[in-house]
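Input: structures, listed below.
You will see subunit A twice below: alongside subunit B first, and alongside subunit C after that.
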Partner chain A sequence: MDLDTKIPESKKDVTIVNLKGRLDVHYSTELENALNALIDQGKKKILLSLADVEYLSSSGLRVFIAISRRLKEVGGEFKLMKLNETTKKIFKIVELIDMFDIFETEEDAVKSFS
Partner chain B sequence: MATHYKKDVKINVPAFNEYLEAIRNFIEHIPAVKIMGSQDRFNLLLAVEEASENVIKHAYDEKAKGDIEIDITTDDEKITIIISDRGKGYVPKEKLDWDHVTELKVGGLGIYIIEKLMDRVKYHIDKEKGGTRIKMVKYFNGKKAKEKVL
Partner chain C sequence: MDELSNIKRVIKSIELRGSGDSLIEGRHFVEENLRKACISEEIIPLVVTATDEACANVVRHFYKNDPEKKYVITVKVDPVKNKIIVVVESYGEEINIKSGKRIDLAKHFEEGKESGLGIYFMHTLMDEISYHYIQKMNVVRLIKYIDEMIPVEEDPSLHYDEFKAPDTPGGSDRKPDPKDGSSS
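Up next is the complex of A and B:
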């Protein structure tokens, strides 16, 4: 799976990944593999943009938790940004808002990385 | 509620990822679901997808995939959706342990979400014929009557 990634000008060690479509059981497996490959390449600061995510299931949430834990173990950082109405609702329902660093804008999210 | 809104509906769908969106679209267009409030409809659809994902992930062996069976019944006060399979029968986790959430193998996070979204949830494993059955109820008036039997 090819990830839509970009490196912000202000912090070159941060990788922004723009997720799109339905983050269900099918896409989540591919996403987890692709994010793990990024970490294997040495990317330890990952920022996921959820603005274009149409649907997020427990499989997607599990990927966020797994990647967040793996990055913590290797001294990295994992953050989320631009939750749309659908993803906000799902995070609220499962009471996961406090488990992640979540930002409204890319500027604030990028700034927050060490 | 008009009589045609209370017709029982039953569908069988192959237990593959590629059918999840079709299941969602089907449920979304059932008359009784269409007239639900947007938050209740959102919650119901998410619960159905979570239960269906659990069947896809846990019910069948990879080489012997069966069906997801979905029964929908509606009356004046509630919609009841039963999602069942004829697989090996998996025991859903009763309590979610966030420290080990990524290690859960039997749909623990999905079950947690379903219980958050629906008013009543009941599980049954058919030891004779095989398979797991999840019965989920959503009341139209927002009535809460949690019942979780594992």
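Up next is the complex of A and C:
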């Protein structure tokens, strides 16, 4: 799986990953492998953009938890940004808002990395 | 209440194969029928997601992605009782999710646990969930109230018939048989 990634000018050690489509069982497994590959390459600060995520299942959440935990173990950071209305609603109802560092804008999110 | 008055009665069922790609079909089926019933776009994704979690549990953990096995999703929108009922029926041995409880997500997250999230999603996205095992059929019943009405405590097993499409055997006209202890 190829991830749509970019490195912000202001912090070159941050990797922004733009997620697209449905974060269901199948996509989540591929996503987890791809994110783990990024970490294996030495990327320790990962920012996921959820603006283009149409659907989020518990499989997607499981990936967020697993990647967040792995990054914490290696001294890295994991953050989310640009939740669209559907994703935001799911996050609120299942009480995920406080579980992750979530930002409205890329600028704020990138700034928040150490 | 104007919005509620537009809601239409819907009872639809679909039988799907137990392969992973059926999950997309199941989501589309639920979404399409809730839209036909004029359910708010605010509520639709919640019900679709909860249904998908129930189906994913069947397909992945119980059927092991076996396309020869089948499961049924029934969507019922009841504009009189102001509720959406989704029932997922699968066949075989009893699925041990009756003991599924809401997890403490913060603790779960802290400990890096990954199991139980699907059930957590179902419980938080819907207003009521019940599990039944009736004549070798696992039945997961998900309810979402359309307005703010307070759910009335009732015996969930007595509702089982109302999930069946009218043209299916044991359909909505059939009353529960108290002798068999179920309503199938």
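Note that the second predicted complex is superposed on the first by the 114 of 114 C-alpha atoms of A that agree within 3 Å, B and C clash if a C-alpha of one lies under 4 Å from a C-alpha of the other, contacts with A are read in each partner's own complex, and residues count from 1 in each chain.
Simple rule for what comes next: a residue touches a chain if its C-beta (ideal position, glycine included) is under 8 Å from a C-beta of that chain, and two chains touch if they have at least 3 such contacts.
What you see is a predicted model; the values in this text were computed from it and never measured.
Peer 1: Would you mind checking whether subunit B and subunit C clash or fit side by side on subunit A after the superposition?
Peer 2: By the criteria stated at the top, subunit C and subunit B clash after superposition.
Peer 1: When the two structures are overlaid on chain A, which partner does A:L61 contact: first (subunit B), second (subunit C), both, or neither?
Peer 2: So A:L61 meets both subunit B and subunit C here.
Peer 1: Which one hits more subunit A residues, subunit B or subunit C?
Peer 2: C
Peer 1: Subunit A residues touched by both subunit B and subunit C?
Peer 2: On subunit A, the residues that contact subunit B in one structure and subunit C in the other are 22, 24-26, 55, 57-59, 61-62, 65-66, 69, 89-90, 93-94, 99.
Peer 1: Note which residues of subunit B are touching subunit A in the complex, please.
Peer 2: Checking each residue of subunit B against subunit A gives 17-18, 20-21, 39, 42-43, 46, 49-50, 53, 56-57, 98, 101-102, 104, 107, 109-110, 112-113, 116-117.
Peer 1: Under the stated contact criterion, what part of subunit C meets subunit A in this complex?
Peer 2: 20, 23-24, 27, 42, 45-46, 48-49, 52-53, 56, 60, 105-106, 108-109, 112, 114, 117-118, 120-121, 124-125
Peer 1: Going by the contact rule at the top, pick out the subunit A residues touching subunit B in the complex.
Peer 2: By the definition above, subunit A touches subunit B via 22, 24-26, 55, 57-59, 61-62, 65-66, 69, 89-90, 93-94, 99.
Peer 1: Sort out for me which residues of subunit A touch subunit C in the complex.
Peer 2: Where subunit A meets subunit C, its residues are 22, 24-26, 55-59, 61-62, 65-66, 68-69, 86, 89-90, 93-96, 98-99.
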